[in-house]
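In what follows, structures are represented as structure tokens.
Here come two complexes built around subunit A, the first alongside subunit B, the second alongside subunit C.
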Partner chain A sequence: MLFGGIDVGAQSVKAVVFDGKEIIGWKLNITEEAADTAARIVFQELLDDLGLKREALSRVFSTGWGASAVTFADGRSSEQVCAARGGRWLFPGARTVVDVGAEGCRVMKLTAAGAMEDFANNSKCASGTGSFIELGAVYLKVPIEEMGALSLAADGVAEVSSICAVFAESVIISNIHRGESRQRIAAGIHRSVAIRINELIGRMGVVPEIVLLGGTALNAGLVKILEEMVGIPLRLPENPRIVGALGAAIQASLKKKGKTAP
Partner chain B sequence: MYVAGIDIGSATSKSVIMKEDEIVAAYITETGPESQESAEAAMAGSLKESGLSLDDLEYIVATGYGRINVPFAGDIITEIACYARGVNFFFPKARTILDMGGQDCKAIRIDEEGNHVAFAMNDKCAAGTGRFLEIMAQLLRIPLSEIGPLSLEATEDIKISSMCAVFAKSEAARHLRQGVPKANILGGLHAAIADRVYALIKRVGIEPDFVISGGIAKNIGVVKRVEARMGIPANISPEPQIVGAVGAALFARARALEAGDDLSLKEKRAAAYDPDKQWAYEKIFNDRQDA
Partner chain C sequence: MNETFARYAADRHEAVKKWKEETGKKVYGYFCCLTPEEIIAAADALPVRITGTGEPLEQADIYIPPNTCPFARGCLDAGLRGDYDYLDGVVAPNSCDIIAQMHYFWKTLVPRPDKPHLIAGMDLKPYVHYIAYPEKITGRAVVPYYLEVLKIFKQELERSLKRVISDEDLSRAIAAYNEDKAQLRRMYELRKSDPPKLSGYEAWQATFSSLMMPKADHAALLSTYLDEVEKSGNKAPEGVRIYLSGSAMDQAGSDLYKIIEQSGGQVVSDDLCVGTRAFWYPLNTELPPLEAIARRSLGTACPRSTVIAPVPENRWAHITSTIKDYGAKGAIFYILKCCDARNAEFPHLRDKIKNELGLPVLFLEGDYSAEGLEQMRGRIEAFIEMIEG
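Moving on to the complex of A and B:
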């Protein structure tokens, strides 16, 4: 049997087809349209790529910020549960799942059996999210893809406000004025984000294995600084941005019709 | 006797020259990366406007975020005290103040003499500040001076669920892409900012009369929405940005009168100018800051 998962995030929509044992295929599009349209498009494109019809899938679940806008889903699950499911499926020893997306950061604590027992999140403030890094890249005038390498090349870390991404602009500009290197500023930006993520991890407790999901897991500079702060290595999925959609597909395979408990 | 007040804010620097109870000159300029230069530019501006020279000023008080970088000031006093005193000058019946600046917002309760009795402030986050509105004006490509009036033309204030300027901007961008009219998006954004500052004011308690100061007092969209939430009208002085500098000037006058003939004012100012004495002087002023 085949199951589908759709994750409508703040910045991108992701779709996954799962057969209960393996990921059959996945797709990610940057969101330009309204949530429902974007979800339909990414889903259809994935089905077309796989040569499948909608009827081939037994159930499709949605998740993410725009989950309720996906009118063609059979049910939906919260971002926390889906990230936890997806993270645990990829790393059967996972006890802590950290999902850092464009506009939110959440940490899920799992029992030894893999059930989600608690979570903490920030979705109110850009600090500790991918947006902070993106804005940092804009202020530094470098493409976002280069932030990781820049930070890894730094010989130290510049002081950057860990709170407001908007106010960080003048802090970064004064740093540049004072001759601080872009590498050290990039490291400083990553450290600010890592501090906030680490606060949330601290609230849940540092229990290995710790899995990092979301686009930020692709940023080697951030990962290095976060690992140093947390104190243990982080497990990184090969495709960290689609794990929420994978989790939604897993939920679809486990649940009957309808909205699940969060 | 002529006195002056200087308010070095994070976005703008203001200076005011007063003679007794009259404002003789006022000048506003942008604060650049160097506070001291901004202070000098602000002072030069109002001196030019009034035709006076620095020596004509009996006493100068500095306030604001950059107040320590004003070498020609005789005293430095906190913004809270200066805004309280300044608002009291324009509105003797004022008891609750909302000050919305470029990068912070404050709610202050004051007594009939202009002493502050309570305050709450947000300076950590762009929500509820001028920066929030600047970002939105840029996104919608509408001049900052027009977003307020345009927001009043909204047929509905669409709900913006984030107070964070970064997230609110992406929400607004989504609405824009989906063809929501700009007036309605602005309505929602102005409602979000009004909610934010109203929450701040409630922390100090509401007592009429209510005054809004700072650059954002010029935004009618914010003012009207805050009034609606407060349930009482907002008083706004003709130039709401100079309130802090006026308060500082009033303190300057009080200090000058106190000093009397104890120490000639020229000597006092000379001491303030002396670079070797500068640090010692600043330390004394910092310690006395909670005036």
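Moving on to the complex of A and C:
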């Protein structure tokens, strides 16, 4: 039996087809349409790639920020539960799953058996999320993909406020004016994000293994600073951006009925 | 759903104003469930709980810094807008720090109908009354001290209303309060079944309107309503049983009940001042009436009174019974930003609830706005899904 998972995030929309044992295929698009349309497009493209028809899938679950807008899904599951499921499926020893997306940061604590027992979220604020790093990249005039490498090349860390993404702009610009190197500023931006993520991990109690998910897990600069703060190495999925969608597909395989739109 | 309760929940100002017009009686606004409101009722006036607007603030931030309790600012904003112009007086007890200061803010900032009656610099008939509720609520000196405070308040009311408040008046008010408390307790009993016979939102409406209506009227109405509920086999939508705790839960936060229900949960009990704390403590009719009122006010287990221990025994006993007896499976804490009393005890309460009662706990940071509530939806859904497994 085949199952589908769709994760409508703040920045990208992801689809995964899962057969209960393995990932059959996945697709990621940057969200440029309304949530429902974006989800339909990415899902159809994935089905076309795999040469499948919608009917071949037993159930499709949606998750993420725009989950309730996905009208063609059979059910939905919360982003915390899906991230925990997906992270645990990839790393069966996972006890803590950290999901840092474009605009959300969530830390899930799992029992030894793998059930989610607690979670912590960032409040309604972009500090501690991917968009904070993206803003930093804009001010440093660096493509987002190069931020990690830039940070790794730093010989120190510039002071960047961890409080607010809006005020961080002035902090970054004043660092530039002060003549701080771009490398050190990049490291400062990552440190500021890592402090926030580390706070949430601390709230859940640092229980290994810790898995890092979301687009930010592709950023080696952030991973290095976060690992230093947490004190233990993080487990990184090969494809950290689709784990939420994978979790939704796993939920679809486990549950007959998900939540329906409110 | 009861029509009168729904009317009070939808527009309490209109409902109270209509009552005032029909009866020609006086209406006093008060802050906080520690207020000895029974004395106001004994003077044949109506005590109504002051709440804020929950809408974006218009004027309060001109006077109070924005990093102050959003509930208090919301209340003051309503006063500044003139929403409470129908009040004949206001009562602010020294409960938490910000509510204690509402005495000063209301007196200085909200326009009052007439000039103060100053004699030798003292206002003998103040428009805004201050209740010097003790910092410390246990110990031999507390009740005698608080009785003196209540006598002063009673005198102020007697002068303002030009009438004597006799022990018979107080006893009559106490009887009406006890009857209403008994009916509200009966309503909470109906929520113990699975599914509860009333939804969390329906129960909230009835509790909220009890703070705005004469107690005898409310008790009679609630009694009839509960008879109907029992007869009709009314049932709340099924959901994960949730215990709700937090700061002021008035009409501005009441959508939280609906969001929890839409997310697959059902609030079955609470630790809220528009909730159990408003009626849990009956007055002792064996005592002299003023002492019964003093002891009810002092015995109300408010987080404000946690100065002696992180979670005092009477509070923990109340929390344990409202969680266990109602079969709650998860606890949601909706704590307003800057609510120091609540935030300071939260870590202790969270750990005790998790470790001693085995319930998961969700913390939500409230900002006293409908928009803020909507942003909590995702976390509430995840929490309920987590409990469902």
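Here is the rule we go by: the second predicted complex is superposed on the first by the 257 of 262 C-alpha atoms of A that agree within 3 Å, B and C clash if a C-alpha of one lies under 4 Å from a C-alpha of the other, contacts with A are read in each partner's own complex, and residues count from 1 in each chain.
Just so it is clear, a residue touches a chain if its C-beta (ideal position, glycine included) is under 8 Å from a C-beta of that chain, and two chains touch if they have at least 3 such contacts.
The model shown is predicted, which means the values in this text are computed figures rather than measured ones.
Trainee: Under the superposition described at the top, does placing subunit B and subunit C together on subunit A give a clash or a fit?
Mentor: clash
Trainee: Who touches more of subunit A, subunit B or subunit C?
Mentor: Of subunit B and subunit C, B contacts more residues of subunit A.
Trainee: Does the superposition put A:167 against subunit B (first), subunit C (second), both, or neither?
Mentor: A:167: touches subunit B, not subunit C.
Trainee: On the A-aligned overlay, A:77 touches which partner chain: subunit B = first, subunit C = second, or both, or neither?
Mentor: second
Trainee: Applying the touch criterion given at the start, work out whether A:119 contacts subunit B, subunit C, both or neither, answering first, second, both or neither.
Mentor: second
Trainee: Looking at the overlay, what does A:206 touch: subunit B (first), subunit C (second), both, or neither?
Mentor: After superposition on chain A, A:206 lies in contact with neither partner.
Trainee: Looking at the overlay, which bit of subunit B runs into subunit C, 41-49, 131-139, 203-211 or 257-265?
Mentor: Only one listed stretch clashes with subunit C, namely 203-211.
Trainee: Can you list the residues of subunit A that touch subunit B in one structure and subunit C in the other?
Mentor: 124
Trainee: State the interface residues of subunit C toward subunit A in the complex, per the touch definition above.
Mentor: 262-264, 360, 365, 372, 375, 377-379, 381-383, 385-386, 389
Trainee: Can you list the residues on subunit A that touch subunit B in the complex?
Mentor: It is residues 10-11, 32-34, 103, 124-126, 131-132, 135, 163-167, 170, 173-174, 177 of subunit A that touch subunit B.
Trainee: Quick one: in the complex, what on subunit B touches subunit A?
Mentor: Contact set of subunit B toward subunit A: 10, 33, 103, 124-126, 131-132, 135, 162-167, 170, 174, 177-178.
Trainee: Of all residues in subunit A, which touch subunit C in the complex?
Mentor: Listed in rising order, the residues of subunit A that touch subunit C are 65, 77-81, 115-119, 121, 123-124, 259, 262.
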